[in-house]
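Note that chain A is present in both complexes that follow, paired respectively with chain B and with chain C.
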Partner chain A sequence: MTDNHPFGSGMFQGQAKFVDYAHMNQQEVQVNTLDEPVLDTLLRDINMILYKLSYVIIPRMKETQGRKLRNWDLWGPLLLSLLLAMTLGINSNQSSDTIFGTIFIIMWGGSAVITVNAKLLGGQVSFFQSVCVLGYCVFPINVAAVVITFLQSYFGFFLRLIIVGVAFLWSTFSSLSFMSSMMNEEKKVISVYPIFLFYMFLSWFCIFI
Partner chain B sequence: MSSNGSALKGSAPPDLAKQVLVQKLAQQIVNQIVSDDVIDDKIEEEENHNKEPTCCQMFYAPFTLKYYQPFFNDLTTKVIAQKLWASFFPFKATFFEIQDGKADLYGPVWIYATLVFAVAAAGNISGYLATPSNIAFHYNFDFIPTASSLLFGIAFLVPFAIYMVMKMLGGRHLHLTSVICIYAYAQTCIIPVCVVCSIPNPQLQWGALIYAMINSSLFLIVNYWGELEKNIQAKKHIVIWLIAGCQVVLLLLFKMYFFLYVYTNPYTGSRFDQLTKIVHTDHFFLHHHQQH
Partner chain C sequence: MDFGIQNQTDEQQQANKESSNQNVNEGNKKQTGFCAFLTVEFYTPYFNVTETDVIQRIQGTFLPLKPDFLNLIRGNPDLWGPIWINATLIFMITAIANLRQIDEEKENQSFVISYVPQATALLYIIAFGTPLVLAAVMKFLGVDLSFFQTICLYGYSMSTLLPITILCYFQNELFLWLIIVYGFANSSLFLIINLKEELDKLQIQKKYIIIGIVVTMQLSLYLFYKLVFFSYVTE
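Entry: the complex of A and B
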């Protein structure tokens, strides 16, 4: 690659690097995803979301297994937050706009604040990775909200409490395995408590729809 | 250069010599450019370290994450636990001795967030328990935006007012973040008080809120007593009244908005009654009720 080019004879090694675009290997250029059918794109994104959800449903305690979650995307959290806000907004007739707004803001604002908190406390978290994980881990609470909404007449208050309690513990446990591995031993409690509060806030909404 | 020129006139074929010369020149020029750039960057960096931040940089600094880093350094669970524990014992002025009085912003954010949740939840629970069983209860979701505006508003405004007043009256060794920090820890006692206030008994609620008011005001006053005695002396009652007054207003707002509905009507059984199975057997009331 560098043999024929006048500037490529090794004179400049160590001082300046020139990228030889003219001789770039055609196979190194990325496959252009602009021309593929829309269904392919959607299916690929949906597969990615489902794959990440499987990590949430079965919380992995070992850090190495959570590595796949590092390819963050924000589609999953967006869909989950919209679903949660709509499910909880359907039921209560008078303040459905307040609920929708509150849940949306709590979810996105809350994820951002928790991530900033973890970063400032010294954790090596990437901002969007953390927002992604926190968003995906809302999935159990979503399931609980949908179950409660559609089977409302069958459930008394205590059964609701149990279902939401289980969902809350599941969510917290799922995100713990990712978040707590980032922090020092002596700062674990103060970085985990905000996550606990966040999911408690969201679960509380589910009990009282 | 000149020696190369004389060599060119001599033996070697002019094209090859020219090519070699051009390549060597190009090499030297690139070296110069690259090393100049590097040196320039280094000089610029050193200059920037010595220079004062410009007006623009001082303006957008609060929007960067680095600006808040000093308030989260060396913060461990133990330190936060010590500070929270100290806020429940207002008679000992130990708050500024924890970690040498270093202000932290972890406390303010999460104490007020927990408070928003606690107040909204407790307000709704007490409302639910206080309404009679025959009236449907609608969960009031407006408590959350109202509580967060109120609490995050006072989180900044009241410490700012205290800071300004103390500074004007002659206080020294004061930082705004330190006042914000201690004010937030003073509000921690309201969290268990909210849990207690979810029971809709009015006397219990007033009692608990008055305890919260006294605890938080005392905590602030006792911890600032040294500062007040040394530097403000004569006018310290202004600061004391300001602190106590703000706490009274805050807790009155809590009572009047979040814990408004209490169980006062002995005729109709509230849900709280049903939970605790209080049966009204007073014949006078029954008789009075039957007449209508």
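Entry: the complex of A and C
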């Protein structure tokens, strides 16, 4: 099915499989995407990103309800990582380019390393699905960073700590509800600890805006 | 007719046996070949630990005078510890070094991000480069310690830095130097005492080469720690 698609790469494969539009079936979505106006494509992608974000905002504990997230895409994580890196970079007085670069690398490199770690420990994870989930779950930290940026003068250190702490717990809990089902049973703690470290690292940057 | 069926079942049995042999072989197949170390499967046997194992190994590093560590990891050296202990350390260095420099009155402070690449380079080069050098030297001198056991030993010795980093939050210079010296002594003793068993089989001069390498690298690590990350904060 996806062999017919001219852009048969994994990213588009994930998008074309996402079925939630106006009762179209998969073949119809396949055929129409090449001829449709650009606005349609953009709106469809944005809708898909928002749909996945709704899964992040309301963490679902049961794994079956998260099945829609298996249609991984990397647009969401890309937008979120750019937003986070820009927010943190703009707010620093010096070396904003280093901050931008470091956050970007930490996010993508960190997701990759966590996925490889889970695989090495015997988990049944698919690489891009896991990177996608980890990327989307950065959304609460993004919200915290933007909130702290705009209301900077009103927030003392302690209040920032609370906001960032809430965002961190939300992100971790969200991603755990997907990731933990894919991990090896007896090595769950050491598979999950890197995720905890990853979100802690990203949240810590927000305290210092 | 009977023979036909018999033959078929014989062939089927043989085919089944072959395929099951193949499955067993594929499961046990160690990746061979020059570029085997680039595959994920090459490293899977080195992640065969659970959290209780990891905690036990970390606890072993805090009591350097009991040379128990190599017995703990014998046959099952793991790579999880070295990689993630160092990652934790990078986070802690960045967090605490920045916390330390917060000053409520000053207006234009910003986050010092340069600790992240510096810490990454320092920790990972020492945690993985030194075992590489050590293992090569030891192989050359005839010590029987595998490469991954050395990495495991070295990586876990970094866990001494975990409480030290947290304690480095305080601004008192004397206290910082004291705990740095304690950390240096602890991790060097840990490494040397655990290597002692293997090293005793060698002559005196060769032993000192290895001890010298170990001590030098630990010294440079701890000095770098103090002078770059937690240097004197002017009030």
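Note that in this section the second predicted complex is superposed on the first by the 178 of 209 C-alpha atoms of A that agree within 3 Å, B and C clash if a C-alpha of one lies under 4 Å from a C-alpha of the other, contacts with A are read in each partner's own complex, and residues count from 1 in each chain.
What we mean here is this: a residue touches a chain if its C-beta (ideal position, glycine included) is under 8 Å from a C-beta of that chain, and two chains touch if they have at least 3 such contacts.
Nothing here was measured: the structure is a model prediction, and the numbers come from that model.
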Side-by-side fit of chain B and chain C on chain A, or clash: clash
First (chain B), second (chain C), both or neither touched by A:Tyr51: neither
Touching partner for A:Phe150 - first (chain B), second (chain C), both, neither: neither
Touched partner set for A:Phe128, first chain B, second chain C, both or neither: neither
Touched partner set for A:Phe208, first chain B, second chain C, both or neither: both
Chain B and chain C contact sites that coincide on chain A, given as residue numbers: 92, 94-95, 98-99, 102, 116-117, 119-122, 186-187, 189-190, 193-194, 197, 200-201, 204, 208-209
Residues of chain A touching chain C in the complex: 88, 92-95, 98-99, 102, 106, 116-117, 119-122, 157, 186-187, 189-190, 193-194, 197, 200-201, 204-205, 208-209
Residue numbers on chain B that touch chain A, as the complex places them: 23, 26-27, 30-31, 34, 65, 68-69, 71-72, 75-78, 80, 106, 109-110, 113-114, 117, 121, 124, 138-142, 144-145
Parts of chain C lying in touch with chain A, wherever the complex brings them together: 40, 43-44, 47, 49-51, 54, 80, 83-84, 87-88, 91, 94-95, 98, 102, 104, 108-111, 113-114, 116-117
Complex interface listing, chain A residues touching chain B: 6-7, 11-12, 15-16, 92, 94-95, 98-99, 102, 113, 116-117, 119-122, 186-190, 193-194, 197, 200-201, 204, 208-209
